[in-house]
């Protein structure tokens, strides 16, 4: 139990560290949201200064960090200057949209990658489509997304951008589900295709390493049939790196889709973040960074938990 | 491996020679030739007789926006005309890979853009590997609190969502600065984020070399830290450093392309493969002007070559 | 009646360098045979080659291994599966490495029995333990019961006596003999210590540089060795007065890449003649069904 | 024993290693240290070779409590691991001279070749990398390297255990020869009693960090 307790404490420290660090960086950066306002001839310097006062920009660093931390714990994550609203409520619907996209894609990618990787490992030196996977690995998400857009335009089968069609509110719930699925099809495929080669390569590498271990040779010498050898003996022993990778997969659920969302017009965190970056709206930037860090830390924690379950040698320590 | 390496060397040489290879300057606009398709190179004229390679002049059909060749005006392709390897005389235009919305030559921009995209990857990867080498060696050799603090710091870095971070750090810095400063800034940001993995691997190598019997034996003869590092420990890290750099370069090229694609890299008119691609998206132009996607395919080819070389190196390092 | 296992002219090469050359021997049902040699002589490769376990294409394997009327080298993985662990089992040298670290030890015994539709033997003292939780002796008990689970006709044991304490050596040897007596199981035991083979085995094969250079009853082979190599080795083990120089064989055992058209021991041999380097000597039969691969015994 | 011993150990103690160890070793002796693993043999050896510092007690070499480090040398168990695989034979043997800044490149090379020849290695192989040598040859290289700085005491920590039987005897003979020629003193750690019986002049048995018995071989 102390192992898990330690990992949990460790995670909290990481989150604290990242939040202080990001806050500090934001603070040290030259210029802010107001620099653009000051340059605006329609705003008087006094008005800008008053806005700064109201937003608490003149308080000391610890005080501002404290305010922000308290607000974050309430779920508000501070105040967005560009959108003139608390950050939290701005984030939640977009968070849902991103998670819907990425969790579907991640699930599909894993479901395909594990059998594919195992199959490739079992083929070893014979042809197993490795070249195809390497090629797929070299195609960036960005290009896949652009390609998918071309496909959508040319075929007319898929809607271009967005998550729902107009008149969504009036549809029946079955039609609503169908509509969202139709909008999801392309971005999900692009994301899943982007993840698949990375995952499959890792599965294959982990399997090959476990297959080369002496115990695998010994199991073969004991006449364990090939399929059972792969799935019941080698795969569990290859779990260690795969679980860590799964943790990373969970952790990147918020950040993996940024480019795809921007290119394909998915109303997730990505476009919001980009908008905030260009507007220098640090409230939103900070909140998104913190959210995805939290998820990464959470993913690591889940991986630690799973490893603890899967590997008796860690339990023994 | 050899093929990939040869390809990479050829590309980098071509990029280095961009000013001489590119028919036009990256910023040179041909207002009459917006979105012109790749020029068709002919060796037969209408009457079927053979000439040295030439192109016809093109005119845009104002209704449909499409271009057609004017059979009357032929412009032979000149070698080493006007300071570049190939070109045609004005008012003819040679767009090997078509032109963009400002009538700029995509082929020339591709070559110049590669300078930004490829060099960012190369230099940033060297930066990461260098930081990794320094910190990994310190951590692995001196152990104790140095090791503890460096590895904890590394964990913190690993816990960051790197693309968001990249954008966030970029956002904190002024948006409109000179090309050179943006370039340096991108290298520092991209390279400064990715040192953790090389540092960890190098630390492991240093650690195992440090614990080896031959280091123990050298200590028995009174060897200094400097001697041990120089003769017995650092030589073992070269494999990991080179391999890691090779693995990082394509990731960093992609990072630069993504950053510029999102408008946070070098600004117009300086090309990078990323901002060239974003143009393709802006106008939903890919369907009618597919040549705007060329930087994307160039990225794929470069990444593929680096992946092949990286894979071969990784396998070699493991078997050693 | 033909022997249980007949190995004929087995040649194994790893990346084009010969690891085993011209290995031929018979194993009779219910016999205990010792395989004796120094490190790098090819003992472990031979053990794995017998079950057709060597990975291709790194290894090239030629010759024949007849078992149950079939050539094991000609069978597919699917056809080999019932033989491995069912009719012939192999105990690897290091029990910790040969057990799956993330599977309970007893599960791994049950897996072997299951693969061959046999009943799993009881192992009450290791029931829920994982391999790393067991002592070295317990781990070897696990791999031994894997090897015996399906009552095979032949057990190949690779260095079972290395890295176990002396009390366990006797216990293990007793166990082998008892199994041989009650179930008629044949054993091929690989070892580099002559003492244990002398008491255990009915026949011993002495290997040097991938070749069998001498064979016969271990009591005779070890007490009255005929091949110059075996003789030298036995002399190294003779008791000596303190401070006196020890007997030693000059030179070093050859590495994998060395090639010998003639006798592999010729470069180190004190009794060599010119003919030794010319061609690999044949095996010459001696009385008491002994044989030796050395030109000096040609008649 | 009337003559002053080469090595005098008094009350040497190290936590989790050895407890109150005292013994003398005469010059030119071969002392075997035997005992079960964890008995403290290796800890004692590492304290003598200067790789570890004892918590209490004193060690005197030639009546000095401080001595140049190279006067005590240790030969480790795995000859392959104790040689840097990227070094050539000559670099390996000359390394102590490089570290101690003795001589120039030519004189070091000459010394390395001389040592190779006197240890039964072909000086023509001086440019070959360590991995090109067999196990026995590597152990000769390791011994040659230890002899470069003319040590007084050589500690052999299971140095023969990993060698083949036929090669073990060669190295044992070589050690005996060197002892005669150079008056070396050996401390031999081994679990192979038949080997100990053949080359040691005295046997010290350790258990649980203490000396439990000392007898002539």
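A few remarks follow.
Which chain is which? They are A, B, C and D, in the order written, and residues in each are numbered from 1.
We take it that a residue touches a chain if its C-beta (ideal position, glycine included) is under 8 Å from a C-beta of that chain, and two chains touch if they have at least 3 such contacts.
The structure presented is a predicted model; accordingly, all values stated were derived computationally and were not measured.
Set against one another, A-B and B-D show the most C-beta pairs in contact at A-B.
Between the Cα centres of chain A and chain B there is a gap of 25 Å. Averaged C-alpha coordinates give centres for chain B and chain C that are 57 Å from one another. Not a single residue position of chain A touches two or more of the other chains. Counting partner chains per residue, chain B has no residue touching two or more of them.
Annotation for chain C: no residues touch two or more other chains.
Judged by the touch criterion defined above, the protein chains form a single closed ring in which each chain touches exactly two others. Against chain A, in their complex, chain B makes its touches with residues 155-156, 159-165, 167-175, 250, 254, 257-258, 261-264, 277, 280-281, 284, 286-287, 290, 293, 296-297, 299-301, 303-304, 307-308, 311.
Across the complex, chain B is touched by residues 14, 17-18, 21-22, 25-26, 28-31, 134-135, 137-140, 142-143, 146, 149-150, 153-154, 251-252, 254-255, 258-259, 262-263, 273-274, 276-278, 280, 282, 285-286, 288-289, 292-293, 295-297, 300 of chain A.
Across the complex, chain D meets chain C through its residues 134-137, 164-170, 172-173, 176, 194, 197-201, 217.
Chain contact summary for the complex, chain D toward chain B: residues 49-51, 69-70, 73-74, 76, 78, 81-84, 86-87, 95-96, 99-100, 142, 145, 149. Per the touch definition, chain A reaches chain C in the complex via residues 125, 213-215, 217-226, 228, 232-233, 236-237, 239, 310-313, 316.
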